[in-house]
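Paired with subunit B in one complex and with subunit C in the other, subunit A is shared by the two complexes that follow.
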Partner chain A sequence: MASMADIKITNQLHQFAAEQHRDEPNWLMNRRLHLADTYLALPLPVRQRTPLKNRKLDRIPILTVQPDALASDSLTELLKLVNLAMVNGRVVQIAIPQSWKDKGVILLSMKDAVQSVPQLVQEYLGTVINDEVDKFQALNGALWQDGLFVYIPPRVALDEPITVMHYGDAQATSILPRNLIIADKESSVVIVEQYLSEPGAAKSLWSAATEIVLKEGAVMHYGAIQQLAPAAEVFVRRGCTVGRDAVVNWHIGEFGAGLVVSEHLSILGEPGGKSESTTVFFGSSNQHQDYTAIDRHIAPHTTSRMVARGVMKNEARSVFTGITDIKKGAVGSDGRQKEKILMLSDTARADAIPSLLIEENDVFAAHAASAGPVDEATIFYLMSRGLSKPEAVRLIVQGFLAPVIDAIPLGPLRQDVWNAVERKIAQ
Partner chain B sequence: MATPVLEIKDLHVEIDGKPILKGLTLSVKGGEVHAIMGPNGTGKTSLAQTLMGHPHYQVTSGQVLLDGQDVLAMRTDQRARHGLFLAMQYPSEISGVTTANFLRTAINSQRGEGKPIPLKEFRDKLDDAMRFLEMDPKFSNRYLNEGFSGGEKKRNEILQMLMLKPRIAILDEIDSGLDIDAIKVVAMGVHSLIGPDFGALVITHYQRILNYLKPDVVHIMMDGRVVKSGDSSLAKELEAKGYDWVRSELLHEV
Partner chain C sequence: MATTRQSLVNEEYQYGFNDGNVGVLKFNRGLSRGTVEEISRIKKEPKWMLDFRLHALDVFFKKPMPHWGGNLNTLNFDDIVYYVKPSENQGRTWEDVPQAIKDTFERLGIPEAERKFLAGVSAQYESEVVYHSIRKDLQEKGIIFTDTDSALREYPEILREYFGTIIPPEDNKFAALNSAVWSGGSFVYIPKGVTCDVPMQAYFRINSENMGQFERTLIIAEEGSFGHYVEGCTAPIYSSESLHSAVVEIIVKDEARMRYTTVQNWAPNVYNLVTKRAVAYKNATMEWVDGNIGSKLTMKYPSVYLLGEGARGMVLSIAVAGKDQHQDTGAKMIHAAPNTTSTIVSKSISQHGGKTTYRGLVHFAPGADHSKSNVKCDTLIMDNASTSDTVPYSEVADSNVEMEHEATVTKVSEEQLFYLTSRGLTEEEATRLIVMGFIEPFTRELPMEFAVEMNRLIKFEMEGAIG
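Presenting the complex of A and B:
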């Protein structure tokens, strides 16, 4: 059970990677070994408002074969609902409708994709996310266990979302999923991921990475709801390269885990590309949530809209950093962001940090951010109509989040987000 | 249910240590409309807010009883469920919550756990009330008070009153900012409830709304107290002679 702190020798890490992934081609194994070295060489990331040192992340074992899924009725039921199910970092089920296969859609586990479509994996893996950007990303790059691989052929539109479940049981210590999604020209696809885990005493480390490549005119809706147990310490990175006139829509719901450090990045590298991103988060007890959203405008006439709404209660702590980054040459681009946080307690803390980095003149950029407590006059007004204080607060929270959640165009995802919010309110 | 009785006895109230109400006594029964008139800053709104339990007002002495029960010991929501209602001068705007959703939540909390109002029954009731108040049906799907004009907010307060059917309603300057047609609608709303089960306490600056509400009793409030009470002719007299007349009368009494 080697943890980060115990791994002093490069050989140990190399040996583990080699044993676990002996079936992989050389290029991939070399990539893993190189990132293993990067992982060892890099210090813990320094995040201004998120101290990582005292969380003892280096005590969580990472060189461990994760346990097999324990059969249980509830798990079996859960897995029936999704196209691809992962337990403790391993794919345990894939179900693909025949109609998708007929259209030429490739939906595989990443491990299978490495074997059956190696050229696609080799061409795109690591092109959206830089695996050397920090220690936990390098860990994912070196030791990722499995994940979702999707290829959508040109002009194919899927009528139903691709659904993915990530489940961790209480015995799992490190879960490192890796997704690669390629949507070819003018295709359209919806992907929804759920993250759940069994509550347990021992900490688990999650480092998850999703890379999305959108070709010319492709449209993607990507939704993710994270409701992991409090013992989970989570690092998430998502990125999308947006092709000419392509559109990525992010719908991110963050509710669980003890620590979350999460980032999503849209790279608008071709003219006419567009990114729309919505993040809803709700912190309670002593959760620490640190989100970054980045819209990087490189090509002319690219558009981005970033919205975040958060609710904080108890002693929870959140940071939301929104970056609209307009590079030289991205003329005629339009990037806007808006963050709003509702504080339900005096002991919670939230920072909304919008930033506009603009190198070009002929652009439009705007931001707005606010954080404030529940209005006492509003509580009084609602209570004067017979609502108890908890009912009044619930209505105010619902009202605060409604404009953002109700705008999610995917019915089941919208309902799941509402359900997650209800659970957080009741907690 | 028995006819409601709201009794306010020698009520003293402070805000941040500053006395606002200084021994106010008054009682309202079902079937009655009482009007409270008085110049600005005399404590009329403080009285309304105190009766509903606004946390900024501290009662230092006196009693408020509804059917003999101690209102001051109740939380704001309990007062509402006992049948008190306050139509506010400045209703809060609540983004993201539709008027219909809010009303249904309010009715359901009044009815208690496990007895929610059936949707159809609620819709019918709401449609009737809105038709009666000559409101646009789209109104119920707008976010509560958000972007409403002053008049729309006041009408919405009366709509809530009709839906919640309180036993004693306090209307705090419901007429301010309303044109004459809107005032007629408000008066109609109050009259539709008046009966042995419902009484109203109407706070106003102006005689105008009283022409339509026809109060049984008019109280003049000054410096935190009721200084003069009478029938509806008192309001007319006040309109004609002004508050200085009341002041000079008070001086003569002393």
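Presenting the complex of A and C:
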């Protein structure tokens, strides 16, 4: 039995969704209202290593219209550099090269896509990510504000990356972006997302979702760098269904926010599909980072490679859960994981859970994980050559991360990740 | 070829016979406060132990069933018989043991092994230890090797000092159950500087249907001592489930070394839910050698708390899961002092629809500077009906440590099979050879007689693995 208070909250939530999205077709509005109920019905996610109860997430207002961005010069400059810019959850700019349009690429804000290509949105929205999987995902499903929509036609290869900026200013409270990316047969595309926010005293809640659909033979590089301010509490979920002989490459760089709970999932549901995933994280001060990467092998002869490298300092805490999940029937599949953590402080803590869940015998699965300190002998050697200790540590951190960061095939993204690392080292 | 395979497949669980109803006292099924009071009354225990049991029972009733690990849905606590007394008195010679029980242990080869190479033997049948012996020379060195019930009467001070300190009833639901209804098990005390160079063996046998066996073992290795404790276990096959839920607590003091070897071969209707934990002090070494072949479901994660500087921990384990079996096993290493080291080597084989799970934890507490851990888990999946999970947890809360973990899951290598069959071996022989090589790091650590037994067991288990 719902109490009077519950009914009141339900009504408020429904009303808010209806007001904010009154332009949307019925099927989508019904979806939002259903997920609003799911959001209210679900408890806080119970994460063994990430207690959420004390973070007072329920005090962050969600039923408020996010303010318009204050147009500062630096922000204006920043936004010029990207194809799609979002501020406080709203799309403020879209710039598409004519050559892409000529090739038939559809690049829209999600809100526009709902109006102009409704059949594509309806066909794919919610097919990669289950919006009922936890409370914050349901919140995104119910109240997502806007995001990137991309459709790449068959055999089209984009020469330049599609760049996206998510910016939150100090007034923003809840930012809920939603992306949907469809790469048709044998197409090839690179997408790079940046998450930035203005430091502020009040907490902000981010729940972001990205769904990627790769058709037969498509190749996708997806990069994301998260450098949000410490007051941000972030829940991110990304998923990709990988078509026959298609390849998804994840490049995830996690540096900011006070709390991050992030998951990326590759669903290898067609033969020959491949997932390559790299996660670089760097925890400092009292950050809490909880990452999950999942490679789910359903079809035969699918391949996955999962790599994570983390640097931990100060009182930061990280959890990296890697799951190589080979289902029955996925014969000839090959899934591997490699996790490495460099510990810079005694007060930091890093947990790793590299799991292999195997239901098939004609497969190969392996993982290797390690954690260790900066090597004293190396420090000594570098210092004997005249370097200060911080410089020596900096070189060691660079050397530790170089094999994965330098493997990022996208020059600008690679540079951005290095810049983020440098900022973290200096902090 | 066809005939060979036929005869191989026909080999079954060898120890599945039962002796009928041999007990002198058997409780009704089910568990209540009265059950616990009655066990304590029969054993004429001091009040503190009764209080301990009753407190543990409360904890047991309060704790939820674990929501992880194997499937415990068919385990019904009300169906279990919590206490069976097999004979009036404990034997000091085999002649004192009732004939039927003695015959069983003869069939299991215990008296023969005792004569040949053991320091002492403890034979538990249902709830009580029916036979106990220790070599005189070892007794004269001050080594105590007795059953835990006798220890409570004969060495109350030592027992009370350590009992339940390593694994309190609050630790988990099954530790609480054991603490409430425990009976039997071994008590080992090795004095300072004493070396017991031949193994002490305990053998556990379940005979009745729906039996619950809850032995409680406490081992104390004083400074600079050494001991090797070996346990084996079997049970008859029944269509309904039995429960074996042991608690093993070990204290390894400064510079001492203790090795605990298990060859678990329960019948495929036994739930084996065991808590085993050791604490190792300064420069002490604790080694768990753990083989899991039998049972319906085993959930067991031997652990070492490395509490003293320079302490070492080792777990070397194999798990073989066949038809309808789930071996959910692993190890835990808690590094809580500087310069501690740990090694975990786990070998798992699943076949005929069985499931193996490696579930382990390596934890480095703050201050565990210069500690190191190395974990290696390998799994062979023999056929496409079988499955395996590897779930290793690592927790690093100190910068100055080194943790390494590796795992693989594979099938029997086609190249190796091809090579061996091209040399004239049949596919069965070749597979067996590869599997024997796979588990060799484990078997080579067993005492000779056990290695032979283990190889024979694995051979049984492997038969019919192909085809």
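Here are some notes:
Here, the second predicted complex is superposed on the first by the 419 of 427 C-alpha atoms of A that agree within 3 Å, B and C clash if a C-alpha of one lies under 4 Å from a C-alpha of the other, contacts with A are read in each partner's own complex, and residues count from 1 in each chain.
In this section, a residue touches a chain if its C-beta (ideal position, glycine included) is under 8 Å from a C-beta of that chain, and two chains touch if they have at least 3 such contacts.
None of the values given here were measured: they were computed from a predicted structure.
Of the two partner chains placed by the overlay, only subunit B lies in contact with A:378; subunit C stays clear of it.
Once the two complexes are overlaid on the shared chain, A:104 sits clear of subunit B and of subunit C alike.
Contact with neither subunit B nor subunit C is seen for A:409 once the two complexes are overlaid on the shared chain.
By the touch criterion defined above, A:51 lies against neither subunit B nor subunit C after alignment on the C-alpha atoms of chain A.
By the document's definition of touching, of the two partners only subunit C reaches A:370; subunit B does not. When both complexes are overlaid on chain A, the residue A:400 reaches subunit B alone and has no touch with subunit C. Looking at the shared chain after the overlay, A:390 reaches neither subunit B nor subunit C. The partner of subunit A that touches more of its residues, comparing subunit B with subunit C, is C. Applying the stated touch rule to the two superposed structures, the subunit B and subunit C interfaces on subunit A have no residue in common. Contact residues on subunit A toward subunit B in their complex (touch as defined above): 375-378, 380-389, 391-392, 395-396, 398-403.
Looking at the complex, you find that subunit B touches subunit A at residues 52-55, 75-77, 79-81, 85-86, 88, 91-92, 94-97, 102, 105-106, 109-110, 143-144, 160, 164. Residues 366-367, 379, 381-384, 386-411 of subunit C are the ones touching subunit A in the complex. Looking at the complex, you find that subunit A touches subunit C at residues 328, 331, 341, 343-374.
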